[in-house]
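Have a look at the structure below, then the notes.
First chain written, first letter: the chains are A, B, C and D, and each begins at residue 1.
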Amino acid sequence: MGLIKADEMTLNIGPQHPSTHGVLRLKVKTDGEIVSEITPVIGYLHRCFEKHCEYLTYEQVIPFTDRCDYIAAMNNNFGYVVAVEKMMDIQVPERVEYIRIIMAELNRIASHLLALGTFGLDVGAYTPFLYMFRDRERILDLFEITCGARLLYNYMWIGGVSHDLPVGFVEATYRFLDEFEKKSEEYHNILSYNKIFIERTADVGVLPKDVAIDYGVTGPNLRGSGVKWDLRKDEPYSIYEKFKFEVPVGQGLMGSVGDSWDRYWVRAEEMKESVKIVRQALDKMPRKGDVHEALPKRVRPPQGSIYFRTESPRGDLGYYIISDGKDKPVRVKMRSPAFTALSALSEIASGWMLSDVLVVLGSLDIVLGEIDR
Amino acid sequence: MNVNQKVSQIVEEKFPGSVIIPEEPQNDFIQLNSEKWNEIAKFLKTESALKFDSCQCITGVDLGAETEKLEVRYNFHSTKHLHKVEIRIATDRKRPSIPSVEQIWRVADWFEREVYDMYGIRFKGHRDLRRMLLPDDWKGWPLRKDYKTPQTYNGMKVPKVRKGWD
Amino acid sequence: MTIDNIIIWFQSWLPNARIAPLYVAAVLIAALAIFLVMAVNALVAVYAERKISAFMQDRVGPMGQGPGLHAGKWGLLQTVADTIKLILKEDIIPKAADKKLFIIAPFIVFLGAFIALAALPWGPTLIAADMNIGLFYILAVSSFGVIGIIFAAWSSDNKWSLFGGMRSAAQIISYEIPAALSLVAVLLLAGTLSMQGIVANQSGTVWGFLPNWNIFNNPFTFLAFFIYFIAGVAETNRTPFDIPEAESELVAGFHTEYSGMRWAFFFLSEYGNMLVVAGVAVVAFLGGWQSPIDGIMQGPLWGLIWFLLKMTVVILIMIWWRWTFPRLRVDQLMNVAWKVLLPIALFNLFGTAIWTLTIG
Amino acid sequence: MREYFKNIWQTVKTLLTGMGITIKHLFKIRKGNVTLQYPEEKWPRPDRNIGFEPANYNLIRSKLHVDIEDCIGCRKCERACPVQCIKIDTIKVPKGTDLGSTSNGTLKRLLVPRFDIDMTECMYCNLCVYPCPEDCIYMTGGPNSEKQPLDYEYAQYDRDKLIYKFATLTKKEIKKYTTPPKQQELI
């Protein structure tokens, strides 16, 4: 006796596991149900995005940014093209700005719907997941009529967008928003205020303010911890300063500030704000205009570098682009919000039960495509 | 006075000789000497006028095999004063090494591991410097400009993607 | 129709035969009948579960297999096709598994549900074995399955399975207690452990118009029904208490390593357990095979119909729960059992005792 | 103690709310469902899609198609492709050879003996379509349904079968075009 250490067990969660949201591997040490140590192992989905970019022209990089965060591809396009436009000093037409914001916000709703649905699935609620997928489907339909693709759009171009909105898009979007607002109440009733759901998520995986900032956690996760920080409000890019919307922050309604329920709730509230933005954008958008007007003949940003960040559904999505004046970038670095969020996992989920680790992981809303790139 | 000038002034006062003054004043970054980087980093985070409490991004950069150096670029942001700064630190290409800031900003842990993974820059004082995205037994530093795509991996031949295409 | 009836019937044909072989034959016939009931129940319940969950989730559910195969309607033969697939599937036993236990485990789990069904009264005369300790017997053997689950978990040599097995053991043992205590309240009213006796005790009306089922008999038994039902759902390992197989946490829990027919036996016994829990709930609280309106539509056939109808309703509620609720955590599960259900069950028992002494 | 009962009451209430929602959906069976019974029912299903006919779409990312008669061999699409899934060979012809013109009226100057698209590699980014001066490479269906009907069901058992060869020139034709006109007369 004494040779076998009977009180701790190493458990591999993943790379293939129903709730790791992709091919993530978590090496955890468990003491019974209690998890004492978590080591995330990533890289299973590494597709050499940054190396690829060295061989591609600036336009050809755009479809690759799609494939990083495949849940919110529009937002990834958006960040990249705005960064390159900043370098080249391009002023895009007003209609293009509005179209981009409509697309980005619709995609934010779609992304949050998926995040909330899969979060419900992690907790064991199967039905809300399908309700949310049903509504996400409508957004994908809208994207499909616009650019033909449902997931990887390659819609935004440097200096414009690939297609103008099709006839009837505006009306269809209004119709969708009307329906969606009614349905969001249903989500709250079936999931958010469900007592079992609250018990499972409230007070679990609390991410305090200072820890969140220290770990570079951004987006809804940071706002869930009670920090009012939204790039759309605080460093407005594109024409976000023209819109009126609130920045929901976690208030600890069901437990303490910064728990999993708060992160969930912030996302649910953000969808409502996005609906508001889309509505305003549809109201104000110039009805006519050439979306290809400002397309540059050739994309060759002047020598120099830029670090530019936008608010993707997962947080601060930063692009560090270095140009040497040729048609191919020297370096494109993507600062992915999910990457930093995952690095905080071991800090906030250690000491909880095995089930809670997966709940916390779900509440961080990671996309492995973006983490591994 | 913009943030960069202010920061470089304050840092130069505290750590004389550490700021390599950029050749052009309109540059939007600060080039630092790598020697005292750890202390400067601590100073950047705690000094009340700066308070760069959020490390946004750490980017490894290779500007070509002929430059004889590798660079690491840090983007910092302050949630107190809402200002940001870019700091660049160059290192020798042959034996790249930079003091780690992993214990100052926790997020730097993974960022530095990624830079090490891609460029082979050793971060002195990092507690867990391993490969991040690539397999542990990978050879070479893929994002360096002089990196050659290997023909074999662990003795296995990398198959050509398409036969009869070229 | 009890086993005794069958033996007597045999004896009328073969008056000179010895009793032992006749007994074996009678038991075998009863066993076959019960097995058929379980199999048909699984077929129907799985189909119902898939369809109902689909409609609840705005889907259409299985539509392929049915009359006219792929273009067919409603996927009526879906579960039959699934069964054929499961039978034909390769049976994989992991190399590191403890082979003997691994093979025997699904049958033990199955046995737990199987022998419990023997004591369910399907009608006034239709019962395999009308024991004088019927309820006690069911309570005893239905927790027998947990041994099989632990066998399966241990022998798989898989960490996820082990987690599932441990959780399951803790869960079933905890929920036995509130379930049993709420049934004791019924025993106080009936004064017998015999299943038929309990049903017979529920004839007539109460308060003038309601059938004299135990659930309506007094407020305490009304509560006891819900406690029994919650605890029963927990014993069958269904959502919201499905932590032993929680697919988003433990992949598939104790049956992660099982495949083909062995896995099907776990499946079969899950639905068999549902049947047992629903059956006991119907017998103990919902008047068994008694007609809801006193005095009419009674008799052996009506009894069977009423019993099946009531059971269907209870099983439908289980399905409904499964597709609505999230899952509890292990410690919360224990909290519910020990801090909520148990005190209320004890209070109920006390209340029922007072009620029977004073009012009843 | 009050907290304890409040907790139980809240649990019961919220769970019943949830059950109410699911049962409501249960009885709306065919109305709200979104499933497409794929091989039988095909997109766009009228009661599910949002009121657009395929022709109203800006584009459908289905399958690349090339009208090879219109191709002038400029190789712009080959250069635009981020994954190099298009491969074009061209042959110069002697001066004065008449190769005909495209439907836009542009004179063809090059022979295109090889125009391969590897659809296993294609990432449906549509980048090859935009630079084409003759609009001869495009995705099938949608606004192009008149030119080429929608085709998204082209799964194959063999990977090699997904390499589509659009060039139609035979060896004989190539020889015919590449021999200088003087020799042609001799033949």
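Keep this in mind: contacts are C-beta pairs under 8 Å (C-beta built on N, C-alpha and C of every residue); 3 or more make two chains touch, one makes a residue touch a chain.
Computed from a predicted model, the values in this text were never measured in an experiment.
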item: Remotest chain, subunit B as reference, centres from CA atoms; value: C
item: Comparison of C-D and A-B by number of C-beta pairs in contact, larger one; value: A-B
item: Interchain centroid distance [CA atoms averaged], subunit C/subunit D, Å; value: 54
item: Centre-of-Cα separation between subunit B and subunit A, whole angstrom; value: 25
item: Distance from the mean Cα position of subunit C to that of subunit A, given in whole angstrom; value: 45
item: Subunit B and subunit D: spacing of chain centres that average the CA atoms, whole Å; value: 42
item: For subunit D, residues contacting two or more additional chains; value: 15, 18, 21-22, 32, 34
item: Touching two or more other chains - residue numbers and ranges from subunit A; value: 127, 134, 190-191, 194, 196
item: Subunit B residues counted as touching two or more neighbouring chains; value: none
item: Complex interface listing, subunit B residues touching subunit A; value: 53-57, 59-63, 73, 75, 79, 82, 86, 105-107, 109-110, 118, 131-135, 142-143
item: In the complex, subunit C residues that touch subunit A; value: 53, 56-59, 159, 163, 239-240, 242-243, 246-249, 251, 323-332
item: In the complex with subunit D, residue positions of subunit C that touch it; value: 52, 54-60, 63, 70-71, 320-321, 323-325, 340
item: Subunit A - residues contacting subunit B, complex; value: 42-43, 46, 48, 50-51, 211, 213-216, 227, 229, 234, 305, 307, 309, 316, 318, 320, 322, 330-331, 333, 335, 339-340, 343-344, 347, 372-373
item: Subunit C-touching residues of subunit D, taken from the complex the two chains share; value: 8, 15, 18-19, 21-23, 25-26, 28-30, 32-35, 37, 39-40
